[in-house]
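Paired with chain B in one complex and with chain C in the other, chain A is shared by the two complexes that follow.
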Partner chain A sequence: MTLQLPALWGALRYEFRMQIRRPTVWITFALFTLLMIALFQHPATTFEETYTRLLKQESLQKVLADWAFNINNYLPICVGALLAGRLPRDRRTRVDELFTTMPTTRGTRLWGKLFGAMLATTVPMFLIYLGGVCFIASYAHNLLAIPLAFPTFIVVALPGLIFISAFSLACTAFLWSPLYQFLFICYWYWNTLWFHTDLVSLSRTLLSPIGLYTVMGIYGLNESSSGQHPIHITGTPLQAIASILLLIATAVVAMLALDGYLNWRQAQQ
Partner chain B sequence: MQVTIRDLTKVYRGGVRAANGINLTIPTGMFGLLGPNGAGKTTLMRMLAGILRPTSGSIQVGGYDGTTEAGRRQIKKTLGYLPQELGMYPDLSAREFLDYVGILKGMDDRKQRQQRVEELLRMVALSEVAGRKLKTYSGGMKRRVGIAQALLNDPKLLIVDEPTAGLDPEERIRFRNLLSELGGDRIVLLSTHIVEDIAQTCQNLAVMKAGRVIFQGTVTEMLQETRGKVWTLAVPGGAKPEGNFTVVSMLNMGASVQYRVVGEPLPGQQATPAEPSLEDGYVWLMREQGPNSAHVLAS
Partner chain C sequence: MPFVSFVSLDRLRYEVKLAWKPLVLMPLLLTAPITLLVIIEHFTRESPAHVLLGAIEMLLPIAGGVLVATTIAQDAMLELHLSFPRTYQRTGMLRLLMILIWIALLSWLAISGDALFGQLALPTFADTISPIVRFLLIQLIWLAPLMWLGSVGFCVALLVKSRSAGGALLGGVWLLDILFVGNIAGTTWLRPLLLFPTTLLIFPANLVSRSYFETYWLTTRFELLAMALVFFIIGRLLLQNTESLLKGATEE
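Coming up: the complex of A and B.
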């Protein structure tokens, strides 16, 4: 797979542009967020109560990590579902065949698609996160929350988002996208049950896309700081870094496999 | 530059032999590719464009070998391809789509790329609507975007697969003229069912049928081959004449019907020789090659 950087950047820009213009992206996030708000309107667990209480016990950074972790438990479901279909679309609109006749390699286009579409889909998720951060900043009377929010999101959420985005592209090369979306939602539901330690869950391994090891290992979240579910597992900073690297490496492998598979399939025609 | 194709064969999965030992030499200029549905024109063009891998045989474009990965990479740099069914992103504007294609064609200088895009938009008369989304375009407008994207990198080899299908007469003529202008210093390979398009624009042509090239030469040579095979028959009462020929047209003259036929009329029929057209030549070639056996199964 040879990468051509200017073309990679160009593909990224156009994939970003096309995805962020889709009304479906914004509507999906809006509906999902309303659903989440409706589900969590239990008096004891309102956002304000949870986070004012947390702010009294924990540092601002820890509280932000907790919020990023909470977001990352649910919203990636939208990211994964909205990225499915981006690859089949190229075949459906026949641009894939046209672009094959151009000097830019398919691998370059695929990486551009991954990052462009993923970043565009992450924008609504990030805005929702930022909305919460603003509330936290106001409860804490500390504007520092805003600049701190960016690195926290990148560290907690981004590795998992890259991981699921790569799989959403790769799997739809051979799976019908609605079927993939269904399987992905089932998988994510299972992911969010990570606190049931009696269940086997990928989310309690280093390959946790919700960032469990990252929040424990880097930000020191633990039983006392978790609002809803006590965490019975612990993580070291080394495990956190290993988890991040493992997620990204797995995504790279999935993308390389996708490129290889698509080239093989083209040669088979 | 010259394209040389030797013994090119393509067997699709499932056993359809869509190209069956094709030999062709394509010089600079406009080159027409004629043939009925399923003759293998698109298959040949997709192999030239590097989309399909040939089952066997060789392709040379300029000095490059079209059957190797390295050769294909070089060919792609000088290639413009307008597919039969053009792919585009419906929610991009023509300007954006062309810009994206320019990026994928390796035109890294942003200023130059944008200039080239505007130049081509003017050339295909789309400047006014270039900001509109492609899904709002008519078939003819999309085709013009198609030719613009093919021309972005000023290709030395331009492959256009049935560019005039579905266009109204005026648009078709405009398109034809545009292609003729382009044929000066590059190879323009044009496939079509419309014999007239080729008669008007191409010096050289090839006729394909059932995966084979059954004629290659100049338009004049094709007309010469058909000389003496085209007749007009005046049949009183209009009963359909019988004989070893194909009726290409009939004209009702009141008391009699005048038939134009390609083939060999019977001695008793009062046939007058007629000057062949390229269409007659095409009909003659199709007759000579027997029934249209498009699907030759690989054994």
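Coming up: the complex of A and C.
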């Protein structure tokens, strides 16, 4: 898989513009966020109650990491499911055959598609995160929260988003996209949010895409940060770095496998 | 409109031929991990009855909902179909009914098997009610979430006109409903959104009191069915505007 930077940039820009202009991306995030706001209306779990209490006990950086972690628990469901339609779209609209005539490799286009579509789908998620950061900044009376929020989001959320985006592209090459969506949602429940020890799952491993080891190892969140349901996991800085690297490396492997599979399929035709 | 005139057998056979893969594959793909889970759970502290109940109440309805959400608003031949004397509205309704009846049949078979092998616990006061009422109560376990998720999937598909967005929204609702079951049950105005109380709140049902059962299970089942009816009516009205679906097909 050789990369050509101008073509990669072109593919990225094209995919970004196409995805960010889709009203469904914004509608999905808006409805999902409204639902989450409604579900957090229980007096003990409202945003205001949780974060004013947390600000009294913890540093601003830790509170921001907790917010990024909370966002990263739920909103990647939308990212993964919305990206599931990107690769089948090329096939359905028959532009994939047209793309093969262009003077660039398929690998370059795939990477451009991954980054462009992922970044565009992450924009609504980031804006929701930023909305929460503004509230935290006002509760804390500290504008430093806003510049601190950017690196926190990149470190906590981005490796997991790259991981799930790569799989959303790769799996839909051979799976019917609604079926992939269904399996992805089941995966998200079982392998990221299911912390019980009595059943095998990836949620307590370094492959957890919600940034579990990152928030514990780098930002120092501890098991009590998970509120009423402590998960009894601790993370070291080394584990946090290993988790980030492992997630990105797995995404790279998924993309290489996708490229290999598409080349093989083309050779079969 | 009687069902016989609504659909001819040839037409039904054609629709089954078109959709048999997802209709069969999705429940089959569900069965495999559930069987695995039952085996695993056999060696852990959860009971297999709980896992089976969860599969019937939580997994089959979402499979139906996702199928509806991703099937109704998209058709490769939609433009051609709009020129036919047979309206797309009728085709859409036929597809919706086909998916819901198929998933309902699977759910009924599964819950009957569950009850037959003594894996389904009912509240103790249910022993005194008539067998017909008891049978109907048991069917409410899967019927209410299936109808709600199916009808919401129907509306969402027609509103957002996108397969991926429909699946994402429905999946999100399903997941949040499971994760926030405590919050939903504890907030009165949110309680009608309690989709899976049989598995998540009242299991094993033979230990719950009558008032608890009525508040968290029986009332919410009827509320879900009433909401489903409203969503179906809205969906039916949205389906009348078939030309707008073409916009969705290009926007995807």
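As a convention for this text, the second predicted complex is superposed on the first by the 255 of 269 C-alpha atoms of A that agree within 3 Å, B and C clash if a C-alpha of one lies under 4 Å from a C-alpha of the other, contacts with A are read in each partner's own complex, and residues count from 1 in each chain.
Convention: a residue touches a chain if its C-beta (ideal position, glycine included) is under 8 Å from a C-beta of that chain, and two chains touch if they have at least 3 such contacts.
Note that the coordinates shown come from a computational prediction; the quantities given were computed from them, not determined experimentally.
K.L.:
After the alignment on chain A, I want to confirm one thing: do chain B and chain C clash, or do they fit together?
P.N.:
With chain A as the common anchor, chain B and chain C both fit in the superposed model.
K.L.:
Who does A:N70 touch here: chain B (first), chain C (second), both, or neither?
P.N.:
A:N70 sits against neither chain B nor chain C.
K.L.:
In this superposed model, does chain C or chain B come into contact with more residues of chain A?
P.N.:
C
K.L.:
May I ask you to decide whether A:V95 touches chain B, chain C, both, or neither, giving the answer as first, second, both or neither?
P.N.:
first
K.L.:
Is A:L39 contacted by the first partner chain B, the second partner chain C, both or neither?
P.N.:
second
K.L.:
Quick one: classify A:M18 as touching chain B (first), chain C (second), both or neither.
P.N.:
first
K.L.:
Angle at chain A between chain B and chain C: what is it in degrees to the nearest 10, using CA centres?
P.N.:
Once the two structures are overlaid, it is 80 degrees.
K.L.:
Considering only touches as defined above, state whether A:Q268 meets chain B (first), chain C (second), both or neither.
P.N.:
First partner only, chain B.
K.L.:
With both complexes superposed on chain A, which partner does A:S203 reach: first (chain B), second (chain C), both or neither?
P.N.:
neither
K.L.:
Can you work out, in whole Å, how close the C-alpha atoms of chain B and chain C get once everything is superposed?
P.N.:
6
K.L.:
Chain A residues touched by both chain B and chain C?
P.N.:
22
K.L.:
In the complex, go through chain C and note every residue touching chain A.
P.N.:
21-22, 25-26, 29, 33, 37, 40-41, 44-46, 59, 62-63, 66-67, 69-71, 76, 159-165, 167-169, 171-176, 178-180, 182-184, 186-187, 190, 251-252
K.L.:
Which residues of chain B touch chain A in their complex?
P.N.:
Result: residues 12-13, 46, 49-53, 73, 76-77, 79, 81, 83, 85-92, 96, 100-101, 103-106, 108, 149 of chain B touch chain A.
K.L.:
What residues of chain A sit close enough to touch chain C in their complex?
P.N.:
Counting only chain A, the residues touching chain C are 22-25, 27-28, 31-32, 35-36, 38-42, 45, 74, 77-78, 81-85, 89, 92, 176-179, 181-186, 188-189, 193, 198-200.
K.L.:
Which of the residues in chain A come into contact with chain B in the complex?
P.N.:
Spelled out, the residues of chain A in touch with chain B are 4, 6-7, 10-11, 14, 17-18, 21-22, 90, 93-104, 109, 266-269.
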